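Following: one structure in structure tokens, then a few remarks.
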Amino acid sequence: MELLSALSLGELALSFSRVPLFPVFDLSYFIVSILYLKYEPGAVELARRHPVASWLCAMLHCFGSYILADLLLGEPLIDYFSNNSSVLLASAVWYLIFFCPLDLFYKCVCFLPVKLIFVAMKEVVRVRKIAVGIHHAHHHYHHGWFVMIATGWVKGSGVALMSNFEQLLRGVWKPEANEILHMSFPTKASLYGAILFTLQQTRWLPVSKASLIFIFTMFMVSCKVFLTATHSHSSPFDVLEGYICPVLFGTALAGDHHHDNHGGAHGGAHGGSGPGSPHAAMAAKSKEELSEGSRKKKTKKAD
Amino acid sequence: MELLSALSLGELALSFSRVPLFPVFDLSYFIVSILYLKYEPGAVELARRHPVASWLCAMLHCFGSYILADLLLGEPLIDYFSNNSSVLLASAVWYLIFFCPLDLFYKCVCFLPVKLIFVAMKEVVRVRKIAVGIHHAHHHYHHGWFVMIATGWVKGSGVALMSNFEQLLRGVWKPEANEILHMSFPTKASLYGAILFTLQQTRWLPVSKASLIFIFTMFMVSCKVFLTATHSHSSPFDVLEGYICPVLFGTALAGDHHHDNHGGAHGGAHGGSGPGSPHAAMAAKSKEELSEGSRKKKTKKAD
Amino acid sequence: MELLSALSLGELALSFSRVPLFPVFDLSYFIVSILYLKYEPGAVELARRHPVASWLCAMLHCFGSYILADLLLGEPLIDYFSNNSSVLLASAVWYLIFFCPLDLFYKCVCFLPVKLIFVAMKEVVRVRKIAVGIHHAHHHYHHGWFVMIATGWVKGSGVALMSNFEQLLRGVWKPEANEILHMSFPTKASLYGAILFTLQQTRWLPVSKASLIFIFTMFMVSCKVFLTATHSHSSPFDVLEGYICPVLFGTALAGDHHHDNHGGAHGGAHGGSGPGSPHAAMAAKSKEELSEGSRKKKTKKAD
């Protein structure tokens, strides 16, 4: 009985891992990615005034993961742009989301139930990208653990890891925050996923790749759909990290480093704040919440 | 009769497309490029205080197009620097323009009639670079339309597309403006030219490459010489774009996006201003409309 | 007699150039590099709050030279990360320096006599890297003088040349200063060393590579140990440059360029100041001279 279920799970996973991504899943990936671009402040204004820049940003949102992976592995940065069909599909989505009359397309895909489906399908693509990226890196570096993890990570995180430069393209520059300082859930999950797939690829994780893809996809889909439905920015890893980080990295004595804190304040965010203040939290929230006014206050305070 | 003229045009174009660029045309390219570097505020001061940084900037101005194209196509970034003669020639030009006693060289090449000749010859090099770049990209990606266009574009635009980082090398950082947000005439022309040459390369444009090079060179030379002679910053494409852009990209309803505008203000330009200010609009309009004077006023205001 | 000593020197140099770098010398390289990271303001705070970002910075400090050289020569950026043992060793050093209980490890390696030994060994690695880098570049470009010099330079300077982006990773952004504008002694020495090794490689310098490595290593070790022991930031090249630079680059007439200075002010550092202020000079001096306090004042003024 159990054997059977195991079998069926294995077969299910195998057939699932063979579902072609193009065009349906890729389409959802493009839609969700460009939706997030449209959510960015000033993105609509940008699209109307500087369509070329907006289109380039949209392409980075859709294909950033390939660009970064190609950069790491020394392949042509625009290699993926030779897939005309994908680029044309992404461009069509970009045009519809930004310039469709009456914002019809945007309103449709923003309708929560529809959006959740697209979000779920995007996670399917993300997990598959991680797996493919690690397989590709393993092909180049058979024992390059770090290479595999890095490649899988950038394949999963995509534009997030180059957000500073994607913003620069739009004329925005926020050096005090980047995705590595304040990892979002997908970035963290991609990192952990990359580690898992690397272990699997190097035979340390005794499961088939298909099963791992299936299980990790289920995990990502459920998490991301839940987070999107509840408009939550928390991450299921917080609890775990709350236990592990203090043990691993919390051993430094705050007392020792007051000077450093201040240094960090001057160098970092906007000069940050005094000792003892929950600085990381503030910094993390700053992007979403701080009004320009309060930011100026912070700067003054730092002076 | 007409046949004859057609023939002669074809032959003229063919022989024109075979004129060697090195050294005379390349020399003009270097002279004009480094002239524009010297026009940059603080460039002379930089050359005296930090000659290495100034030399590197000059090299970027002369060879930026090769560096960018190599980056896109995954070739060694400094591949072109193995042409010692070109690099030495560019270095000599850099030295003469910045350090020639009494600024003699600078004054000579700045003399308008002389300068116009150099500007004209620079455009000849630009067009040839676009054609070569697209031919090169086509060799790697036979059906990579976007790859070809991108390669031709960067080969034509050169340092302009990496101006932010060229400025950073000089200790200047202006995130609110980049060449893709505010395209200058050469950048736009290179983009359109890259599209034309890509169409020609893929047999969609029924003209010989030599003729296209000839015609497009004539267009670029006449435009650029006229613009330089009249110190004008307008572009012949403005009229065309004035008709097309509203049709293609003007459909978004301004009303929808007031919030976005402010968002843009916060993200963009000067780190934004209090809510309610029409800042994003200003930022967007700045380059087209603001005179240097009013820009200074803005800077003061921001101080 | 002299012949003998020459012989013995040659043999000594040869055997010295064959000393394996891994693990002892590499270990010292990692320790000193990550020590400098810990000296950065806010680095300790960063390590506690954002270990991933801190680890990435540490890796850049240890392997930045390989990343830059790979970028220039068009090889995979993370090629060197396939050396698991090196990466693990560097990670262990990073962990011990930042998270060792009671900062024991840090206090030990900071003990001046110990530190001086590590600093000396780091210079051994630096010189070897320059030599290897130039040999590698020469293998690709037999007559590419500039390619060889550039490769040797980045191999010797390492993370310093990408400090702006290493800071960005930590959420710090200081566009007004970069290593090329204000070269530190190691960066300058690497540049001069790269030139020497290039001359040797191309048979213009009639010495054996082993001897050059030996002599240049002795020079670097003695200089760096002296500078570290005396906490001095001056450089032995200052005198030489004091003589050469005015002759080569000092010929520009200050009078001509007042306008440029102001321009520089507008472009540079803090988005500039009112006309008439000697801002360009300030910008140039800022790094060396401005105390944190006066910098704060400037920031206020900018608000």
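Every chain is named by a letter (A, B and C) in the order it is written, and numbering of its residues begins at 1.
FYI, contacts are C-beta pairs under 8 Å (C-beta built on N, C-alpha and C of every residue); 3 or more make two chains touch, one makes a residue touch a chain.
Since the model is a prediction, treat every value here as computed from it, not as a measurement.
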Pairwise touch network: line, ring, star, complete, or other: complete
Subunit B onto subunit C, rotation angle from CA fit, given as a multiple of 5 degrees: 120
Separation of mean Cα positions, subunit B and subunit A [Å, integer]: 33
Subunit B: positions in contact with at least two other chains: 74, 173
Parts of subunit C lying in touch with subunit B, wherever the complex brings them together: 71-74, 140-141, 143-147, 150-151, 164, 173, 175-178, 180-183, 191, 245, 248-253, 256-257, 260-269, 271-275, 280, 283-284, 301-303
Subunit C-facing residues of subunit B, complex: 40-53, 56, 70, 74-79, 81-82, 84, 87, 98-99, 101, 103, 167-174, 296, 299-300, 302-303
